[in-house]
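In the two assemblies presented below, chain A is common to both, partnered first by chain B and then by chain C.
This part shows the complex of A and B:
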């Protein structure tokens, strides 16, 4: 049985010298450790990491990342940790009131404001851990093949700063009201504000929130064309955290004039930084975007790889290796005398519309004029997206393969108009087969697009579009089931017939080795290609 | 005798010797219209002093004022020669003070070790290794070494009370203020607790507020009785018992003139008050004296004994 024993004397540790702040630091360390072990914090951390693991390993959607977009996308996931921090810190802040120790602890040496200060400092390790996670995530993405761009330190720091804001706000809330329910209610309000901000990605007032979401359905832009006042926003968040912290200290009883001044200054700073953030994008940026859209050659760098020239915005130039893999996979079945010696691939951005209903048609004529001026007439367009990790990436990959194959087969670059984009007959079958077999993943990219389409015509591409009929797609995919070398050899041998305008789809399929019966009279008369 | 007069039964060490750790003069605490303490004056030196009084007497208010948690409405208070109203002095007092409140409250998700360690940090014990050694020491002192890794929510009420006591012992405080510390302890734990407090009382000041007169009898060299916010008795424990000398008697029936009485195991009634002529008086205990004092405070006058039965022990 346990007993009360005689105490040993004169073995006690002397308290710290008064006024050194050592007590606050010691308490901050303890509270910090408790915060990092708190189920709410740990749960949110695990959820965030699980999302990344799912995205990267299970869904495989983190290939070909654009790092100056990913630094921003990381923020929204880190908000989970901010939420966990908020709940855990709030519970810690109201712990003395909740557990009835408040009156007792008043008799101890550390004053309420010192305990509040320790709790505020305890948020720092959580923010630091969040920063490490953000760094690890972006580092992992940067190590992925095809990573483009470079992350902004200010964007990466916004996630940890949001954790700081959440933690300091939780301390303040815990000092204002002792209600346990106040935490989840406040968190729900913050979540609503964040979701509303995300619903209006073109509104400048969204910068008043913890993070500012962009239109994530739009393909990436070069970093110089983004309007992201990330540095100012980081300053805004840090000042907001400082304002919450000083308000919490005041509320906890530290009435020093310096604290009042600091609170006033930080609040003023929050207001100024918020107003600066919320300013619309400057006109110069809109002009730069328009120039990059209409005449991209001015800001691009070109590189020659084999017979081809690839021109891209500098941050994306490394992607030319992926484009070359596709184009070379197509050109290997093209007879030498049928090749254009000046094939060029040029990267384009797509128009940014501030409404989902807005006009986003590519300025094909302007591009043709830009290519003419740059001496790259007939260049095949490629976008800023790539890979097999998302629908956008698959559409971009399949779209480029189709566009390049169409350029090789027809001798013309792909267009975007309803009629210009339509490919018929043998050209259509050959183009689709060339695109599908070009590189690992291109057939899957085409299949993905088909699975998400309906109607008689299916369009491929994110920048320019090649449209084909379902019947041609069926033939092309039957050909893709045959050995590529056999079909490719036949393609080379019958290139002139296959690329002739009047060769029918069935004829082309037979030339390529497919056993296709003659179509009865009237077959396909309702198709878009039938008048020909 | 005027019941509001402080009585002094026997010489009290330390306080009387002019080495008072605590000096209270005319201390008054008001909560709106209620006067919780009404001009309390006393001094405390080394040793264990018991604080008795009925519910609402002002015991906890006095302890909270001594623990620097409560600001008095009037009067003066000096602890270790310092004024707790002065912030720096108050912090210095708190460094040398151990306070176990009546309902201490616990962080249920902390282990016993974590909780005492947390309190140690709030007492500014900042060196981690030394602090942990100190936490182990006080947990060992209250016999909780075996369960120091258990969460408080898993411990019994008695064990939690010992955790609170261990927390009060952090830093070997010179002044220990214990507000009903034996609540929830079983008899054996109470016995051990007495041994601990007796040991603690050697060389430091312990103020023990309790309803357990046996604890006071066993531990305290001095007793202060509060009633209605005033000191009704301040003297030796023996002297408090002596107040009832000649005022305790047995009778076969309940005595209407007794201020307190109960049927004992023998079937006889033990009565406290002014005995009838010829009554056979019994030896008085501290509890008898305390009950007599309380009833006097309630009635506003002393129960005068019949001629020949006046107690000799109590002085007024």
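This part shows the complex of A and C:
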């Protein structure tokens, strides 16, 4: 008798029988455990962690992170876990249909909506685990030497929130259609939305997606110059998850008025938050960016170390230790009387341009004017990137080393004309040698730039550019193979000759101790440096 | 005893048997196959490819190829579902060998997909800015789509082996995770490059060709394998 009565009661009595709260909890625990052990979830988790391990250990490209950028980059990697969660939860939601046990479930104590509620609750542990991973990742990055800035909690929470959205959406989808194929296809559609959003990093409508990608090829900006309504976006994601969850409960048969109201409220909230997020950036932001670009000195802090002054945006001020290592490595071979009494290094941002093709040039004249006003004339520019793992970092490191060496060798600040960036003859060889030997990694940075360049002229630098000829680079790298102390001593002894404008590259190389044959007639005649 | 073992196509020439057994087979196989996901995915992909052409957005090479790559992933995803065979447990006794039955499905599905792909390519090419159009890497992208499809087929067949003929498509859903993982690969081993970067694009294209070859061999090896035994 009891076996027949129970399904009767379950089907006819909408209010849950006593004790079903415990049933929902028990089922949620089981489903939660199953989700955490599901191959799709575990696989995506492993992939995500493997990515991080590869990046840090094998490629070594996670050095000198900018934390207010990394908090956002973590989101795109956590989307992998969101995808795994979506597949796993969707399979769990349609499990009765796949196993042909739907009919049998009617005989159980839990109503369909209660099973849906348990499935929804089971997404929480996965989101929690994702949050822990996001925290661990950013903590690990923050512990790296040279980490700058501070992460935003709202940006970090967006990853776990995306997992919540994926899980609740999967439950909803599983209740709408029993098709297995609907899951992967829906996931592919989500991926398309994300990719399309990433293709347009300057459009404000991209905030309607799960994550909003910025133009990641651009070097870091100070956090104040970013326009990221991260808190509102987190709210948007959480409300979206709530909307999916309530819609799933409604679909599963919980027709209570409170659920309908909650669904309506959360949908309205989603719309409002989405519209707020999609507002274009305020004009004041563009003005602030332009100010920081043209006249950075007013927002910067300066620190004096040794005989050099380093000025940087406050978040990046700690980087001056890295810059000092390079500049001191260059200055050690410069005779005292050839030194400028007050070298300054000033950090600059690069122009933010919306078109990827339009190369924008640095406003060097405006910088010179700003430096004059700030009393730091002739400052050497350094960017916001740094490092020895990624191409961007290597370019920044090698670029600063060459820029500083050129400043020391020529005695002049960088200039803006197209021909002014070109260094010739002995100056060029000496500059490249000084830059290459300045600190561990700078030679590697120069070499990596050369490997990625074409043509006879090679430009170094991400903020300002120093151009040299390939033949001078070859000589400088041959010099780098000699002991630095020997070459350095010779550089100190022959400084005036080496830095004279009319010293040829071969003469300079011979002065520095390299055995260079006399050049045959016509050598280098068609080069940019040869006198016309 | 000998005649009974002959595993000929459609069994022995029994009286009353249709003259073209594979055509007959195709009807039943298509009835059993899940074509709805495939049609949905292919239609969705085509719809997506049509958007920039309809609104004449003027794509650059990178955006155009991303669009076609997405379309290829979406369609490949659904291919494996077409191989799913919920009735595998009962049709084991069927005289047609497994390879024939699956080949029949693929012989219908793949040309249909090729037609969709042709349409997608034409639409995207139309949307690419006119002066860039000659440089659009249609051949490389088609190889990529073929490779993705073959991987989906191989994964689906492998899935049929492990899941008693029911969840081949599910295993193929792993294709999505694989693709997402591929997008995160470092530059030296990238599968998804941008055509603007010639060297990297050529490297990626070579990797796709290799993938297509491996997947083709795997699919050919898996094609005649019967479904796994029920646990």
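Odds and ends about this structure:
Convention: the second predicted complex is superposed on the first by the 510 of 532 C-alpha atoms of A that agree within 3 Å, B and C clash if a C-alpha of one lies under 4 Å from a C-alpha of the other, contacts with A are read in each partner's own complex, and residues count from 1 in each chain.
FYI, contacts are C-beta pairs under 8 Å (C-beta built on N, C-alpha and C of every residue); 3 or more make two chains touch, one makes a residue touch a chain.
All values derive from a computational prediction rather than experimental measurement.
When the two structures are aligned on the shared chain, A:105 is found in touch with chain B, with no touch to chain C.
In the superposition on chain A, the chain among chain B and chain C reaching more residues of chain A is B.
With both structures placed on the common chain, the touch criterion links A:195 to chain C but leaves chain B unconnected.
In the superposed model, A:27 lies in contact with chain B only, and not with chain C. Of the two partner chains, neither chain B nor chain C is touched by A:459. Common to the chain B and chain C contact sets on chain A is no residue at all. Taken in their complex, chain B has these residues touching chain A: 64, 67-69, 88, 91-92, 94-95, 97, 99, 101, 103-108, 117-119, 121-128, 130-131, 133-134, 137-138, 140-144, 146-147, 159, 162, 169-172, 188-189, 192-193, 195-196, 199-200.
Interface of chain C with chain A (complex): residues 34, 36-37, 40-41, 44, 48, 63, 66, 70, 73-74, 77-78, 81, 166-167, 169-170, 172-177, 180-181, 184, 186. The touching residues of chain A, when paired with chain B in their complex, are 1-13, 15-16, 18, 22-23, 25-27, 30, 95-96, 99-110, 115. Taken together, the chain A residues at the contact with chain C in this complex read 40, 43-44, 47, 51, 54, 59, 77, 79-80, 83-84, 87, 91, 98, 179-185, 187-189, 191-192, 195, 199.
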